[in-house]
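We call the chains A, B, C and D, going by the order they appear; numbering starts again at 1 in every chain.
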Amino acid sequence: MNNNGYYGRYGGSYIPEILYTSQQQLLKEYRQAQADSSFQLELQQEMQQFSGRPTPLTPCRNLSKLLGGAQIYLKREDLNHSGAHKMNNVIGQGLLVKRMGKKRIIAETGAGQHGIASALIAARLGLECTVYMGAKDIERQYPNVFWMKQLGAEVVPVTSGGQTLRDALDEALRDWTDSHPSSHYLIGTSCGCAPYPEMVAKFQSVIGRETKEQSQQLFNALPDAVYASVGGGSNACGIMLPFQSDVAVELIGVEAGGRGTKPGDHAVRLSNNRAETDSPAMLGSPGIAQGFASIFLQDEQGQLQETHSIAAGLDYVGVSPIIADLAEKNRLRMIAAKDDKVIEAFQLLLRHEGIIPALESAHAVAGAISEIPQRPKEQNVVINISGRGDKDIFNVASAVGDPEFDRFLSRYLDQSLKT
Amino acid sequence: MNNNGYYGRYGGSYIPEILYTSQQQLLKEYRQAQADSSFQLELQQEMQQFSGRPTPLTPCRNLSKLLGGAQIYLKREDLNHSGAHKMNNVIGQGLLVKRMGKKRIIAETGAGQHGIASALIAARLGLECTVYMGAKDIERQYPNVFWMKQLGAEVVPVTSGGQTLRDALDEALRDWTDSHPSSHYLIGTSCGCAPYPEMVAKFQSVIGRETKEQSQQLFNALPDAVYASVGGGSNACGIMLPFQSDVAVELIGVEAGGRGTKPGDHAVRLSNNRAETDSPAMLGSPGIAQGFASIFLQDEQGQLQETHSIAAGLDYVGVSPIIADLAEKNRLRMIAAKDDKVIEAFQLLLRHEGIIPALESAHAVAGAISEIPQRPKEQNVVINISGRGDKDIFNVASAVGDPEFDRFLSRYLDQSLKT
Amino acid sequence: MSNDRTPETSQLQQFIQQERKLKPILLMTHVVYGYPSIEDSIRLMETLLESGVELLEIQFPFSDPIADGPSILNACHKAINHRPQLDHCLKAIESFKQRFPNSRILLMSYLNPLYRYGLSKLVKEAATGVSGLIIPDLPLEQAEQYRKDCELAGIDPIWLITPDTPESRLVQHCEAATGMLYCVSRRGVTGKTDSQKEDSKQIPTTTVSLRDYLGLVAEKSTVPLAVGFGIRERHQITMLQGLADVAIVGSALLDAYDNGGLRQIRQLITTLRGKN
Amino acid sequence: MSNDRTPETSQLQQFIQQERKLKPILLMTHVVYGYPSIEDSIRLMETLLESGVELLEIQFPFSDPIADGPSILNACHKAINHRPQLDHCLKAIESFKQRFPNSRILLMSYLNPLYRYGLSKLVKEAATGVSGLIIPDLPLEQAEQYRKDCELAGIDPIWLITPDTPESRLVQHCEAATGMLYCVSRRGVTGKTDSQKEDSKQIPTTTVSLRDYLGLVAEKSTVPLAVGFGIRERHQITMLQGLADVAIVGSALLDAYDNGGLRQIRQLITTLRGKN
C-alpha cells in the first residue's frame, strides 16, 4: 500500500467530507498502534486468551488419499471464538477503539457472523454496539440476530434497497457520519476507505503467519498452494499476505459462483475477467463505491447489482482492493465455485475428515478439490477454513432436502405456541 | 482407583457376562496405551491438530468487577472442535479403537453433543458409527441429529422407556453385547463399567493439566477454587482430578437443580444429601446400574427415575463413581443451580464477557456466581466452560421468550414448503 | 451334561437330575412379575405351573434391563408402572412353591432392585420359595458375599456363561456353579436379533457351533446345563436334547401371551413339549 | 459571505453575487432525476424552475448513496428502477439551461456512475448545461485531474465542508473553492435525524454554533456559501440571512412532493420564500 491507501489502482479513501477527521484519527491511531509494542502484546494476548489462538493446521489424510493428489492441510479458523476468522479483526479494532477512547462501535453485517463477532467483542470490552443488518437478512438469519440481542447489541433493520449487506454497509456509514466523534465504524472485511483494507488485512494476517510456522513444523516447507474463499477478502488477505513475497507459493482465491452468470445469481467479481478488460459486460468491473476503488458488480450506468451465493458471507458486491490488485498483478489466481459444487465439497469434508466448514469456507474446499487431483502427491496444499458450518444448518438442510428438519421446526413451533 | 475399578465404594464392573471379554480387552489395551509413549504422542497431536488444544484460560475482568469478589477465569473447553470438552474423550477412545483394530463405534447421546463428537471422530478416523438416541431427544434436538447423519453416522431412535439418554445408554449396551468383537462402545462420560470412568476422566484430565499450567502463567499460583458442572461427571473430573492432591484448591461441582425437588423435576443426585445417609427419601442414593455402582436417582424399589434440566447434558440419572467418591470424601463440594438462575448466569456471561456458554456450563457459572461475591478479591477462581451455547438457542429462546425466533422458524417453514 | 462329581448336590440340581431321568429335556419358562398387571402376571405364572413346566423363571422388573431385548424390555417398563414390590413378589413365589411342588422357581432380576432391598436380606427371605437366583449384571468377581449368603440360605446362585467366555473363565464359573449353569447360546440380548433375522429355524450361535460350545461346557461342569435365548419352536428344543438339560423360553412366551393371552400360552407350551 | 478576493470569478459565483444584490438569500432546491419517474422528475424540475428557484441541484441517482438519508435514499432506489441514463439527464439539463436562463443548475451524484461514464468526458459534456458539480464522495485529495478538467470546461467543482472539518483543511477547501462552498450544517446524512428529533424549530448544528461556524468559513473563503441539510421551514431560512448566500432545501422538498405533488411543491416554495 502506498501512503494514500492505494494498492495499484484500487483502494483509496472516497468518503463524505464529514468523515475526514475520524478517518484521519483512525489512520493515525492505527499507525501508532502498529508501532506500539504494548498494543501488539495486548492484541496477541487477547487473541490467545479470548479467541484461543493459535488455531491448528490440520492434516487431512483421508481426503488427500481420496483425491489422490497433493497433501491437504486445513487452517482451522473455525476454532476461533465465535466460530470464524472474523474474531481476529474485531479483537484488533476493538482494542483500537479502547485506545481511541471511543465508547461505541457500529457494524454492518450480512449473514450475521461479523455482527455476532462485533457484539461479542463489544460485550468483552464494555462498549456499546449497534449492528446494521438488512431486513431480509434479519429474516433469513434470525438466530444470529437473537444472539446479538442477547449479547446486548442493538440490531437495526435496514429496509432500503435490497435490504441486504450492501444496504447495511451504507446505513452503517450513515450512522458513522452522524456519530463519528464517539463511535467507531468496525468494518468486518478488508474493504472500505483507507486504512480499513490494510488494517483488517493486518489483523487477519495472524492466520498466514501461523500457517507459515505450522507448515514448517508439519511438512518442513512452505505450502505449494493456499486456497481461501473471497467475500470481502479478509480471510484470503489474512492467510495469503504473509506468503506474498514467497513467489513459489501459489495463491488461489475462490469466489461465489452461485447459481449461474446472470446478474443477481452470483458474486463473481474477479475470476471471469481480467481487470484490464474494463468492459461492463464482464462480471465485475472497476468502480468506486462505499468508500473505495475496486472491482464491483455493476451495470453499464454504474449502479451496483444484486448478488447471490449459498454462502451469505460471500455475496458482497465489491471486493477488497488488496485482492483486486493481487489478482490484477497475477499474484493471486481467482476461481469460482458454484453452489452445488460447494455442497458437495461440504459433504466430502464432513464424511471424510469430521470437520464442518462454513459454506463460505466450503467454497475454498470446492475450489481446491477441483484442482488437487491434478497436483503431484509431493505438493502440500493449505485450505483456509475461515469458519464453522453449524450456522449454516438452515441452508444446508434446504440444499440436501431433509424433511425431518422441517418436521422438527414444526414441532418446536407447536410446542412454543402452546406455552 | 483400585484394580477392580473402584473409587471407595463406587465404580466396579457390573455387566452381562457376554461383555466380559471385550471389557477385559479394553482394560488391557487402555493400560498398555497409557504406558505407550507413541500412543500418548499421537493423542496429544490429534488433540492439538484436530481439536485445537490447548484451550485458553480467559480472565474475566468485567464479571469479576461486577461481582466484587474473587477474580474469575474461564477454562474454555467451548473452543474445542465440536464446541465442547466431549471432543477430548472421543479423540482418546477413537485412537484406542484404531489400536484395538475395531472398525465401528457405538455411542449413546442425550442432547446430541456426544453423538456429534462421536460422529466427527468416526469420520476423522474412518470408522463406522452408530449413535443411539432417545426418540424424544431426537425430536427435541434434531439439528444435532441432522449433523450426525450428514457426518455419515447411523442414528438409531430409542423408543423404550422415557425415550431419553438413559434408554439410549441401555440400548447402546445392548448393541455392544451383540457386536463387541468388532465394535467399541464409546461412552461419553466418566460412567459405566471399569475402565470407562477412569479412562474418560484420564482423557479429559488434559483440561486440568492445562489449567494448572495456565494458572501459574496468569496469576502465578494455583486457583483457590475450581467450579464445574456435573452431568455424568466427565468435564468435572477432567478439570478437577489434576488438582486432587492440591488440597488448598477447593473443588465445587454444580448439578442441575431443574424446576424443583419433585422426582422428575431435577437431576440433583449429590448436593442434597450426604451419601452416608443411605435413605431412599434423599434425592440420590447408592445404587448399581448401567454397569457401575454410584449414586442414582431412584425410588424405594430401586427403579431409576426420570430427570429434568434445562441443560440436556446434565439430566443424567447417575453420576460418575469418581465424583460420588470425591463428594463422599468431602474432597469435592456439590451444589445445585436451578434453571432460572442458570439462565441469569448465562445472560450475565454474554453481556459482560462476550462468551456464550453451553447451558450445562452455565450451571457452573451460576454456582460460582452464587459464591464469588463472598470470596476475597485476592482469590482466583476457575470456572470450566465445558461447551458453547449456540446449540442451546431453542432452549434459551423459549426461556427468555423471544417471539421473533418463532416467527423466523415459521417463515423458514413456509419457504421450505413452497420449494 | 450333568454328572455327579460335586460333593454336596443342591436341591435344584437334584430336582433337575431327577426330572431328567424321566424326560429328555426340561422346560424353563420366563415371565415378568407385574406384566401386564400384577394380577395377570400371577395368573400367567399359575397357568405355566399348571401346564407343568419344570422350572419357572420370574423376572422382577427393573427400569434399565440392559441384557434384555425389546419384548422383555417393554414388559419390564409396563410392569414398573404397577409399582411392583419385591416382598410381594417373594410372597407370591412362596405360595406357588406350596401349590406347585413339582416345579422349581427361579428369581431373576438386575442388581439394583435387589441391592436396594438388601441383597443378603433378599437371599435369606427368598429361600422359602425360590430355588435359584439369576442376576445378569452381577459378575462372579463381585459376588463373594452373595455366594456365602446363598450357600447359607440354601439357594443356588445361577451363573451365566456365553460362547465368548474364555476357557479359564469358563472353568471358574463351572467351579462356582451350583444348581445349574445358564448357557447363553449367542451374543446380544434376549429375544430379537438372529432368531428374527435368520428365519428362526436354527438355534443361533456365534462362531463356535452350539454343539462344540455346550460340549466344552459339559466337560468342565458338574451341574445341569440350561440353554437360553432365542428358542421359539419345538424343533429347536429337539436339537438341544442330548446337549442340555433345560431349554429356556422367554421372549417367545411373552410374544405368545401378547398375541393370544393364556390360551395361546397353553398352546405354545403344548407345542414346545411336542405333544401335538 | 462572499468577497472579491479571487482573481477570476466563475460564472456561477458571478450569478450568485448578482442575485444576492437583489435578495437577502437565494434558494437551491434538490431533486432526484428519475423519481418518481423520469418524466415526472422533469416536470418537477420545470415546476421549480418556473417558480423561480435560483439554483436547482439535480441528483443523478446511485444505488448506494451513502451520504443521503431515508427520503433521498428511497427516491434514488425508486429512480434506479426506471434505468436512468446519465446522457439523457445531461440532455434534459441542457434544455432547462436554455429555457430557464435565470436559474443555474448543479449536477450532483456519487462518484461511481460518473466514473463509469468517464469523469473527464462527463465534465466536458456537462458544461453545456451544468454550472457546478457536486460529488460528495470525491475528496479534494483524489481530485487533481477532476479539478483540471473542470477548470478547462468552465464548470465549478463544488466542495463540501462541515463543522467537523479542521481549520487547516477548511483553508485548503476555501482555497480550492470556485463557484460556491457547500456548508453542511451538521453531522449525519441528508434529511432526518436532528431536524426530526428536535422539533425542527432550529437549524441543527453540532458543538459549534452555526453562526460561529459560518463566520469562520466566511472569513477564510472568497466564494458564496450555501448551507444545507435539515431546512424545512421559512424561519430557518430567515435565520440564515446574513450568514450564507444560499439555502439548500432537499429532503423537505421530496417529502412535500410525496405528500401533495407539484401543487404542494409550489406551496412549499412560496412558503419558504416568505411570500404568504
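Going forward, a residue touches a chain if its C-beta (ideal position, glycine included) is under 8 Å from a C-beta of that chain, and two chains touch if they have at least 3 such contacts.
Computed from a predicted structure; not experimentally measured.
Visitor: Give the chains in contact with both subunit C and subunit D, ordered by label.
Guide: Touches both subunit C and subunit D: nothing.
Visitor: Which chains make contact with subunit B and with subunit C at once?
Guide: Both-contact set = empty.
Visitor: Which whole number of Å gives the spacing of the CA centres of subunit A and subunit B?
Guide: The mean C-alpha positions of subunit A and subunit B differ by 34 Å.
Visitor: Counting only Cα atoms for the centres, state how far subunit A is from subunit C in Å.
Guide: For subunit A versus subunit C, the centre distance works out to 66 Å.
Visitor: For subunit A and subunit D, what's the span in angstrom between their mean Cα positions?
Guide: 37
Visitor: Among all residues of subunit D, which ones touch two or more of the remaining chains?
Guide: none
Visitor: Touching two or more other chains, which residues of subunit A qualify?
Guide: In subunit A, nothing touches at least two other chains.
Visitor: Once you've mapped the touching chain pairs, tell me: line, ring, star, complete or other?
Guide: line
Visitor: Among the chains present, which pairs are found to touch?
Guide: So the chains that touch one another pair up as A-B, A-D, B-C.
Visitor: For a test of understanding, state which residues of subunit B touch subunit A in their complex under the given definition.
Guide: Checking each residue of subunit B against subunit A gives 48-52, 55-59, 62, 76, 79-81, 83, 119-124, 126, 139, 142-143, 145-147, 149-152, 347, 350-356, 390-391, 393-394, 396-398, 400, 402, 404-413, 416-417, 419.
Visitor: For subunit D, which residues count as touching subunit A in their complex?
Guide: 62-70, 73-74, 77, 80, 83-86, 110-117, 136-139, 141-142, 159-162, 164-166, 169, 184, 187-189, 193
Visitor: Flag every residue of subunit A that touches subunit D in the complex, lowest number first.
Guide: The touching residues are 4, 12-18, 20-21, 160-161, 166, 170, 173-174, 177-181, 280, 285-291, 296, 298, 300-304.
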